[in-house]
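Following this message is one structure expressed as structure tokens.
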Amino acid sequence: MSQSTIAIPVFPGTNCEADVAHAVTLFGGIAKVLYHDETNLEGIDGVIIPGGFAHGDYLRTGAIARFSPIMPAIEKLSQKGVPILGVCNGFQILCEAKMLPGALQKNVGMKFICQETGLEVVSSSPITSRLSQGTRLTIPINHFEGNYTCDDSTYENLVKNNQIVLRYTDNPNGSRDSIAGICNERRNVVGLMPHPERASEEILGNSDGAEMLRSFMDAVVSSRMALPA
Amino acid sequence: MTATMENQTPLHRQLGLTDDELEAITQVLDSRAPNDLELAMFSVMWSEHCSYKSSRQYLKTFPTQGEHVLVGPGEGAGVIDIGDDMALAIRIESHNHPSAVEPYQGAATGVGGIIRDIFSMGARPIACLDSLRFGNLDDARTRYLTEGVVSGISGYGNAVGVPTIGGEVIFDKCYKGNPLVNVMALGVLPKSRLTLAKASGDGNLAVLLGSATGRDGIGGASVLASAGFDETSETKRPSVQVGDPFTEKKLIEACLELLESGLAVGVQDLGAAGISCATSETAAAGSMGIDVDIAKIHLRETGMTPAEIMISESQERMLAIVTPQNLDAVLGLAKKWEIDASVIGKVNNSQRFRIFRDGFDSEILADVPVGALGDGPEYNRPNIRDTQLDDRQKVDTNNILAEKFSNTKNFNNETLKVLAQPTIASKAWIYSQYDHQLFLQTVVKPGADASLIRVHGAKAGVGITVDGKGRWCALDPYHGAVAIAIEAIANLSCVGVVPKALVNNLNFGNPEHPEVMNTFSEVVRGTSDVCLASSTPVVGGNVSFYNESNGVNIDPTPVFGVVGTRESIEGKIPGVAFNEDDVLVLVEPMSAKSSGSGHVTLAGSELATMFDLRDGMAPVLDINSSLKTCDAIRKVSYDGVISAVHDISDGGLVTCLAEMSCASSIGFDVAIESNSETTLALFGEGPARFVIGVHQDDLAKVMKEFSDPAISATVIGRAGNDRCKIAHDSDLAVDLEVSEIKEIWSSALSQAIHQ
Amino acid sequence: MAVYSVIVHVSPLPGVLDPSAAAVMRALPALGFDGVSNAQIGKIITFDVESNNIDSARAEVDEMCQHLLANPVIEIYSIDIAPANESVSA
Amino acid sequence: MAVYSVIVHVSPLPGVLDPSAAAVMRALPALGFDGVSNAQIGKIITFDVESNNIDSARAEVDEMCQHLLANPVIEIYSIDIAPANESVSA
């Protein structure tokens, strides 16, 4: 099969696009960095919404970005089952866009946190298929607003449908039930606060994120096989 | 801006200009008295902050040449070649006074300003480092300042998308009324994109990009930075600037695209003195003239006077000089990146800097020779060595402390107390608030001796550190500066990096005090000596005078940012953490071993400061053997034949070993023989000394690297187990559990902040 | 068309823990302020809007709130609106 | 001791840059909302405080504003205060 093409949307204020593109290339994909006014996603096999501060995170993180012209196109892909991953700011945007349930509030400590963080794999998803349940990983987080919040019925649904993908082992930001990452009911849209691309190479001192990104690239290949050509 | 009737002080003096300076301005204007607008512009541009009028004659003496230097001091940033057609832009800047008034915004706008200097050269900003000085944390206002400054750097740097990959902080009572906030930034560019801020070409247009102009910082940074602090500082408050990292991020992308596509002749950031400075400087640099149409400047507030508009220091603005043919393309780019753009001026051959009220056929509001604003006065201020210094240097701090502890054999308590000092303790509370991993480049992260990054597109690794222990310079400005510069080089050598360029931020007190001028010139001399000996040219710097509160000057505090390279980033990089069973070796210049040399001393040390002993002589280094020692360390680190290395700096040998232990969670058993007292052996400070951890099998090979007679290498013990033990002359001086040390060292700073 | 002054008040949904309010509650006693309870921090967004009449203005502002100014998952909002020349009390 | 309900309204000092309001203003037309101007975003902090009387309560709240709730260098604040059983209008 030919290489998969991953779209990486850039909003004004996004800053992790080059990092994600680097990682996509590392794991065999073709990275296509697209400006947020792009509406044509033809030939795109998967999407990773990178981290950063779209629109400065003013008002609320992700609140303005989700209105960008590229977002309806991404939503359409997701309805076809194409794997969509939101990392950090990308997760916040997916929540604001209602492609994932819940919201991300300020960290309980009211401080920005950039540090290695322990995670536990809770369920299988496009980013955890190569990792068995219960696997412990160390991946950096980098956010002020990563405190996952939702109401009780949303939470019960998340649990019932196994939508919780990752939990912190030592909840650094006050997230409900230590949630670090979730997926949608269909399990093709995933959002997580930790940055696997920052932990994908030995030279950076940590490659725990590599299996996550490889899982994602696997999921993209499976989805391509499932989709009509 | 206008003189009020009841205030009899003439306007020029209210604006901080002397009578002689007014006279000089009148001469520049061919015997015409300046009008209020002209006077306002001169007052800012001729301030100490903008004109370097007290420091220029000394700064000229720095060595600035080197084969790899592409741009030296004087431009937005220094630029050096790092191979593979890639270059690095480097710059350091202070934002001391704005941060004392409003810590969050002061620090934030400091980060924003330095980043603009970098991308104005065509370089993509890839890293910041911060160098901070505060009073002691037992004071509530100091805690507020510390938290505010750190969150300001975090809030701006993280959001603008430039990782803060290292820094340093010292808490000392001399900074209580006047904290220091220095920020260093690094950018990377293909050599072909190097752009200087020059407005050449008759008929070219000056385009103002970015935020609208408001009243913020009217004469802010420059006026604040050119006067000391006292009770009236409250009145300086209305000029606080607020940063907008989002707009800056868009400006970075727009300006880099502008330069990459060759659409701009030159780009200049707007810093102190705002539009006056940027327009007149770019025109002067290109030996041109420039006309500015003040009505075209987009404003955020109503009712602004021409003077307010011309000297406003609103943040996140850039000036691009473009040809008329490229104008549409430039405006299109601004639209794509959602930033405002307006054509505010026109370059011509007149050699004049003229300001028009509304259109180029309207009233001329100001008309001065184009270079006059940038060509401020130069002073040869009285320079006299402080007569008290000789007496203070005679005080034998080593002996005072030795006597204080003459009956002490066990130093567990002192060890724990030193490790708990906020200046010594882990700085994780600070750097965990900074994004330090963006761009997947940070190979050695904050927490080590120097940060090490890989530069995408280049083979070389880049090391960077910032150091500046003012206490040493307070004891002896020449030797203090030498010691600080060597300390920075020593830190780089731990990550296998050769120093290539130095930028300095010279934070001093009031230059009108002759002793301050003397410490200044001595610091410059010391710095130059190390730069020459180590082939590390000075490529940029910044001077911050008037760091005083209520008439008391801070310790002279030069801060050196040193950048260097290693040929390749591949291979094993030893960290601070040693391995179980490693042999521990103390490596130092032979000259540091003899106790009479004064290389290692308690004067200025953390231990002495804890007892408020502030006299004695700074470390006196033999520059050549110190550099040789650093060279040897660099080699073993680069070759990866050692497993760990850490330099002995603040807090002495005990602290160095304890930090290695905290990094690895492994203990050590060390015995030191020396003819000095235990206090000096354990807590004495003086740079270019290292502890390395070596696997037994590699020991012989490693020791060979230290065979130069100028270097001493002594096996002092082994790593292992869970206790930290140091015997001195057969007394067990320290015996503590790793976990206890680690607990205290890791948490002391955050506890001191949240007390 | 007429101009209306708008005040939108966005506050945390009851039951949603608000970290910034919690931080204020933690900080106050440390500064010597006791006896504070039930702290809540909201946003107040003021602006002018042009519309045909007050009802259409209110409807538009409600749209803005639903989609942009508030996040119904964690926030509630209220709207005060008045012709621009009359003042709206904060 | 009595309990008072407090509303503190904090907003940027006139003339001080308000980047978040600027971002919202810029975003609105793209979302199909035209005709919005003069946006400003402030904070509104509500809480209860115990004090001897309304004057001492007001004085305490003013202190809190100076030191914690607002940043007087770049923000202005106003205080509404009333006995807890009466309601304070937002």
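Lettered A, B, C and D in written order, each chain numbered from 1.
Everything below uses one rule, namely that a contact is a pair of C-beta atoms (placed from the backbone, for glycine too) under 8 Å apart; a residue touches a chain by one contact, two chains touch by 3 or more.
Here the structure is a predicted model, which is why all the values come from computation and not from measurement.
Colleague: Which pair, B-D or A-D, has more C-beta contacts?
Modeller: Result: the pair with more contacts is B-D.
Colleague: Per the centroid of Cα atoms for each chain, what is the distance between chain A and chain B, given in Å?
Modeller: 37
Colleague: Per the centroid of Cα atoms for each chain, what is the distance between chain B and chain C, given in Å?
Modeller: About 42 Å, centre to centre.
Colleague: At which residue positions does chain A touch at least two other chains?
Modeller: Within chain A, the residues that touch at least two other chains are 55-56, 58-59, 64, 67.
Colleague: Mind pulling the chain C residues that touch 2 or more other chains?
Modeller: Touching at least two other chains: 67-69.
Colleague: Provide the list of chain B residues touching at least two other chains, using ranges where the numbers run on.
Modeller: Within chain B, residues 244, 246-247, 338 contact more than one other chain.
Colleague: Take each protein chain as a node, join two nodes whenever their chains touch, and name the resulting shape: line, ring, star, complete or other.
Modeller: Contact pattern: none of line, ring, star or complete.
Colleague: Which two-chain combinations qualify as touching?
Modeller: A-B, A-C, A-D, B-D, C-D
Colleague: Which of the residues in chain B end up touching chain D in this complex?
Modeller: The contact residues of chain B facing chain D are 101-102, 104-105, 211, 214-216, 237, 240-244, 246-247, 300-301, 314-315, 338.
Colleague: Please output the residues of chain A touching chain B within their complex, sorted ascending.
Modeller: 12-13, 15-16, 18-19, 22-23, 35, 52-53, 55-58, 111-115, 140, 142, 144, 195, 197-198, 201, 203-205
Colleague: Which part of chain D faces chain C closely enough to touch in the complex?
Modeller: Touching chain C: residues 1, 9, 11, 21, 24-25, 27-28, 31, 33-51, 60, 63-64, 67-69, 78, 89-90 of chain D.
Colleague: Taking the touch rule as given, give the residues of chain D at its contact with chain A in the complex, in rising order.
Modeller: Contact set of chain D toward chain A: 19-20, 23-24, 27, 30-31, 41.
Colleague: Which stretch or stretches of chain A touch chain D in the complex?
Modeller: Per the stated touch rule, the residues are 55-56, 58-59, 64, 67.
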